[in-house]
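Residue numbering begins at 1 within each chain, and the chains themselves are lettered A, B, C and D in the order written.
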Amino acid sequence: MSLEMLLLLGSPLAGGAVLALVGHRRYAPELNVAFSTFTLLAAAGLVTRIIADGPVTDLDEQFFVDSLNVFLVALTAFVATTTAIFSRPYMRIERDHGRVSAAGMRLYHSMYQMFSFAMLLVLTTNNLGVMWVAMEAATLTTVLLVALYRTHASLEAAWKYFILCGVGIAQALFGTILVYFAAEKVLGAGAGTLLWTHLDAVKDQLEPTVISIAFVFLLIGYGTKVGLVPLHNWLPDAHAEGPTPVSAVLSGLLLNVALYALVRCKIITDGALERPFASALLMGFGLASVVVGALFLSRQRDIKRMFAYSSIEHMGLVTFAFGMGGPVASFAGLLHMTMHSLTKSAIFFAVGHAAQKAGTQAMDDIRGLIRVNPTVGWGLMLGTVAILGMPPFGVFASEFLILTTAMAHQPWATPILLLSLGIAFASIFGKVQPMVFGDTTAKRLPHSPALIPVFTHLALVLALGLYMPPYLADWYRMAARLIG
Amino acid sequence: MLAQALTKYGPQLINLFAAALLLLSFAMLAQRRILSLINLFAAQGFVLFLSTMLVAWLTGQHHLYGSAALTLALKVIALPWILHRLIRRLNVKWDVETLINIPTTMLVGIVLVILAFNLALPITMLAGTVTRATLGIALACVLLSFLMMITRSKAVPQVIGFLSMENGLFFAATGAVYGMPMVIEFGVALDVLVGALILGIFIFEIRERFDTVDTRHLERLKERP
Amino acid sequence: MISASGLAAQFTELMLAVLLAPLLTGWVNQCRAWLQNRSAPPLLQPYYVLAKLFAKDVVLAHSASPLFRFAPYLIFGCIALAAAIVPTLGTDLPMNAAADAIALVGLLALARLFIALAGMDIGTAFGSLGSRREMLVGFLAEPALLMVLFTASLISGSTSLATIVETLAHKEFVIYPSLAFAGVAFTMVSLAENARIPVDNPSTHLELTMIHEAMVLEYSGRHLAMIEWAASLKLFVYSCIGLAIFFPFGVAEGGDAFGIVMALPALILKLAIGGVFLALIETLSAKMRIFRAPEFLGIAFLLAVLSMLVHVLLER
Amino acid sequence: MASPLLQVLALACAWIALGALGLLRTSSTAWATRALYPAGALVGLLVAVAGLGALFQPPEALILPLGLPDLPFHVRIDALSAFFLVLLGVAAAGISVFGCGYFRADQGTAPGLVSFYYHLFLASMALVLLADDAYFFMVAWETMALSSYFLVTCDHRHAQIRSAGYLYLLIAHIGAIAILLCFGALQGGSGDYSFDGMRAAQVSGAWATVAYVLALAGFGAKAGIVPLHVWLPEAHPAAPSPVSALMSGVMLKTAIYGLLRVTLDLISFPLWWWGVVALALGLATALFGIVFAAVQSDMKRLLAWSSIENIGLIFAGFGLTLIFRGFGMGALAALALTATLFHCLNHACYKSLLFLCTGSVMHATSERSLGRLGGLIHRMPWVAWCALVGTIAIAGLPPSNGFASEWLLLQAFLFTPGLPQSYLNMLVPVAAAVVALTAALSGYVMVKFYGVVFLGQPREPKLAEAHDAGIWERTGLAWLAMVCVVLGLAPATVIGLLDPVTRALTGSGIAGLAQGWLFLAPIQPERASYSPLLVFAVAATIVLLAWLLVRLFYHGRSRRTRAWDCGFPFLNARMQDTAEGFGQPVRHVFETFFRIRTQAPAPRDLRPVYRESQEDRFWYGLYLPVAQGVNWVTGLVTVLQRGRISTYLTYSFATLLLLLLFVG
């Protein structure tokens, strides 16, 4: 097992164990940040290695990292670290307000590390079965986090989250079994048949009907985790009721990881079937998610719930991009995934502080943030402007690419997409503007908010919007070619 | 002598176990009382254990013995025990409210079984395993437990539905591909166990918070028109 | 293009217009008095009034601004320039190259702007009342006048007044339906613009009815003289425009001095007939309520646009 | 010397740098007003000079390393963008100089932040003019919208300003969506989104019409064309005066630039009936705008509505250009295009001048509604005289530049009867009539604006201590007034400047035929010629001569007394004509345009209150139904999220079965 891989998976695991013991201490948040930064360093090492000498398999092919999942690994590690930094003052304030007990803090910190371990495992494993197990583990760890506050709403959200995702994931298991069944015909039984690299090599010899049924089950399974529309019902409740760092990580990272798994299966299905069955399904679900996600926005009263629906809409857009296929569309999809997770986590950081200041998450009671604390106010305003796809920011760059390729290949879809983006803009901006501008009701906070993460994320998104460094561009292009 | 009988009647025996599994799923669907629901779940686990042992013996797949032992330990002994303790601690009312009455659920169940069968037909054509016929039944069990979760409004029956869906999936695995590789079997079992534990904790929490386990009170998070 | 004879002709026409204007007003007042069988004031009465006013001291309100003091001269200058553009005697005028029909309407509008602003300057109720009504009449009359001039320029293919007069003078006498409509529209507009009876009474001091008089209520002495002179010059300009477009006969083409001298009696004769016609209209019609004026001018505007339409449809 | 393109790019970066410097010390006013705005004005001047330099040189293109990997920023400067750069530079110079005196700490936002957005706004407008591919254009376009949004909501303590800002950004965003779709239609399936690619794509037929309609909607939303104009009278008055001057004067012109770029440059063969659509829309906007301007009682809203009117006239000129271009009459298309561009330049100058004057008035009296102003000519002579220059220009009266461009526009209308389409010939006289009516009405509105604000007696006692504009504000006003006068008196030279632009877009120019710099003769001299300098000179001599002769033969004595009160001793300032009063005739004549709601007092009401409000029919006819429609649809969607867990499970169960059936 190469050193980086060992560190990459080992440190969150160790962190989870250590924090399970000392999670309630004063220094626990700093420990949490340390473990996350350590994972980030490992991820950076891995990234340099992948760029230097291409895809690498590890531990006799149980782990496989190519250009597609290495950028997600880097992104996950980075956002996990910044969220850890943000959660330091946030959780302290929550504890001072008495909303989280000492045991709760311990649970929070250990589950946080276990959650990043599960996500990194999903990203790096080569075995579809292990991927399923890790995805299920990710769900389990976050269910407890969502229910941390023990309020009526958070319990309900956690219950729905677990039941719906549990059922969804079960379908994915059945899909994996069918894939294994089809692969067994070609590769014979044994440990190696479920390895993605092997499947990828023989994907054109797999039985089309079985693979199409398998893809349906996988789509329903992982689609529930991505929050595609008919299966999205758990997402707004889960993202709104948990503590804000959890919502940031859920919205920013878990959706990407689920979509990554779905893309892995799509690559196999595309190879097996001639007709574009998989991409048609993805496009259909993607479009439905964008439209319904946008339409939900205007009736929200809770800010985190609104941004959860905005995540559904953006994930729908990325799925639509992967559904269209072709190098440019896949490139745009990957770019949009990165931009969305950076911007959405930045917004949740700002929202977290704003909600703490105003003491509530109802948007009607949060007013005039700029006058109380300009950095939080400007952070929220710039984040909202970025997530709505206003140009100088990178989200517009990827949306531009998606829409322009859509105009070239699927002209019928563009008006629908643009209309829903317009409605989303009208709804979100209409609600955020009075929160940021105007006279204020919020009060100062004991701990000064950690806003470096917000502005580092937004600066990154702004920079990528204007200038894409060449090595990053080729990196995305290689990944896009993989998706095909 | 037992060995020859087993090898000769093996496939019919497996079909028998599959039919038994299907019957148990239907019974759980129609069950009113939670206690008997748990016992039926344990019975389903036991039938699953027997069929896995038989398949392992017939096909000589040694890792199946391990997974059969795992099923026995987990789904026949551990989980039912946890559920029984849960019921006693919660002293929850015995009867199970269902959202739509039993006859209609049964009708829908039958339709689902027919659907599952002709869906699984193309796969069974290709399956080389001796237990290929059971794939349709496994898919039917999964869909039936899905239906059970939809129609039950109490938390505990939903949990049992979720666990019986796992059983169905496990049976599909043994039926189609003689069980998944060991590491995945172990992972799946671990997930199911942890899942059950968490659900148990949740039910306690809900019980304390709303002094009822009826999920119909869990409807505050919604969109007002 | 700017020849010596052209300059001379231009200068004579300008001086003629400036000097002859009060005479025309006097003649119109005389005809009106005779038609209403009362004894008429002497023909040169306007000149006496001007001389009297120039001699008097100017009485200014405390809140009068420099604009108020300069406005009369600016108004007089604009309307005098307008008179210089309209070819009354000869058509070889250097000023025609500098300003055409649209510039003529612009100059009259500039004069109206300044008189309205001067009216509002003192800040009394009458001044702003008059300015508001003047601008109401203005914004309906100006487009109608522009449309009349457009019809004429469409017929003659150019907007420069000299070419209009030349082409209309050479055309053999054929009834132009578009010019007929334009003629009616033009008379209605000139009545409104020069504050004649149907729209406004030139000699009234009844606050509720007056438009033009209300704006100049505050003026006195030499300023009032300049304003009165400018008003009569404006009437002269409008009559000359009417003659130039609808009765262009007798105007000397080119720069020959003899032609210009012969054109003078023809001009005086035409103006006299015009004056009688104006007096006739004034005695026959009564002053309209201020909010009948928009309908009156609306009709004029429609007639003017109709004339242009008729020209485009029939006469091409 | 570096090529003009590099100069303009460097100057745009200079603006951005100035903005960034503003962020260093956001709270100090002196830093912004004494260092940043003067430098911004200088950069503006240099942009104008660079634009002038680039006007006569062949187009120049460049590819910057920024932007998307396979669609980097293309940058190009040709005659059209050079002309608009001149416009931007001239206006920005005057407004920035005025800004030095205007911006103070009490703006509601830190002055440093305001200067950051101000300079970002200028830079993004310059970059919009240089953009040569869809991505860079959209980035610059929406940065312009975003920075101007933050400028509009500078003083965000008032709810009305916040809602104005929101409405503005919403309609700007919807416009941007339409423009993106238009670029999509223009690339014709080739997937190449650089403007050269679009030119090569030679889109024609149905796709070209789709692109044109989308461009009209997108750029019309930003310009304020009738159905999409609702934001303009809300957003421009809400912004600080220099910003509203910039938005009205220059930002609306970037929309015109965009439309010209798309229809005359990217689409190779425009159809003639496109022009009729633009002409009709333009005239409707002009009449609608000026009628509403006449009844406003807030001076900045009055000017905003009059911007809508001027944009309507520009659209009419643009429509005429398309009609001529559609019929292949190059010379007449050049005439109409020259009139349009000349009117853009004039409107930029005199509208900025007037908005800056209102800025000085608000500075001195902190009062914006016309009902509480009056008599300011005595205490603010400098501002009053500059405003008079602006008033004469905007009313389109002879010696001014407004008249020169209106004269050209009317000349263009006069040549239309030669068109092959018969009913088009009939429509054009009506169009000419509407243009004439609009010009006359603008005179009416401006007399109301100038008379009520500057003349008469002060309606509020506190106006007595209104001080005149500071030195910085005076230089800004003087610069813009001087530009207006120069443009007015020397139109032939300006037509010469416009010649390369019209030659690039319509293939022919009209400058060649003018008789030297004195006379302006569009086609032939005997058809029509106009020399503003001669008119001004002769008029001035006559006025001076009259003044001297009167002084010579008679005397210049005068004495002061109370105004004539017709025997009523209690005459006071409240008896003057109010803004509503002055607008009453127009409201009476054009009643159908408004949605009038009057609140008359009851007969025996001891304290009778009479209130009347004119609203915009479009707001109730178009915008509210659309909002209710969207609201209703979102109501439908909430059915999906009713909270019951079993329904959620049924959704995923049903999707599973459906897909399986579909696959099976």
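The definition used in the following text is that a contact is a pair of C-beta atoms (placed from the backbone, for glycine too) under 8 Å apart; a residue touches a chain by one contact, two chains touch by 3 or more.
Everything quoted here is computed from the prediction, not taken from an experiment.
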item	value
Relative to chain A, chain with the most remote C-alpha centre	C
Between B-D and A-B, the pair joined by more C-beta contacts	A-B
Length of the line joining the C-alpha centres of chain A and chain B, rounded to whole Å	31
Interchain centroid distance [CA atoms averaged], chain B/chain D, Å	71
Where chain B and chain C are represented by their mean Cα positions, the distance between them in whole Å	103
Chain centre separation (chain A, chain C; CA means) in Å	79
Where chain C touches two or more other chains, by residue	none
Sequence positions of chain D contacting 2 or more other chains	635, 637-638, 640-641, 645, 649, 656, 660, 664
Junction residues of chain B, two or more chains touched	119, 122, 146, 149, 158, 215, 218-221, 223-224
Every chain pair in contact, whichever chains are involved	A-B, A-D, B-D, C-D
Of chain D, residues touching chain C in the complex	374-375, 377-378, 388, 391-392, 395-398, 403, 407, 410-411, 414, 417, 425-426, 428-430, 432-433, 436-437, 439-441, 443-444, 446-448, 450-452, 455-457, 519, 525-531, 534-535, 538-540, 542-543, 546-547, 550, 553-555, 557-566, 571, 573, 575-577, 581-582, 584-586, 588-589
Sites on chain A touched by chain D in the complex	159-160, 163-164, 167-168, 171, 209, 212-213, 216-217, 219-220, 224, 229-231, 233-234, 236, 277, 281, 292, 295-299, 328, 370, 385, 388, 390-392, 396-397, 400-401, 403-405, 407-408, 411, 414-415, 418, 421-423, 425-427, 429-430, 433-434, 437-439, 465-468, 470, 473, 476-477
For the chain B and chain D complex, residues of the former touching the latter	99, 115, 118-119, 122, 146-147, 149-153, 158, 215-216, 218-225
Residue numbers on chain C that touch chain D, as the complex places them	54-55, 57-65, 67, 73-74, 76-78, 80-81, 84, 95, 97-100, 102-103, 106-107, 109-110, 112-113, 116-117, 120-129, 131-133, 135-136, 138-140, 142-143, 146-147, 150, 153-154, 157-160, 163, 207, 217-218, 221-222, 226, 291, 294, 301, 304-305, 308-309, 312-313, 316
Chain B residues touching chain A - in the complex, by the definition given at the top	119, 122-123, 126-128, 139, 142, 146, 149, 155, 158, 162, 165-166, 169, 172-173, 176-178, 180-181, 183-184, 187-188, 190-191, 194-195, 198-199, 202, 205-206, 209-210, 215, 218-221, 223-224
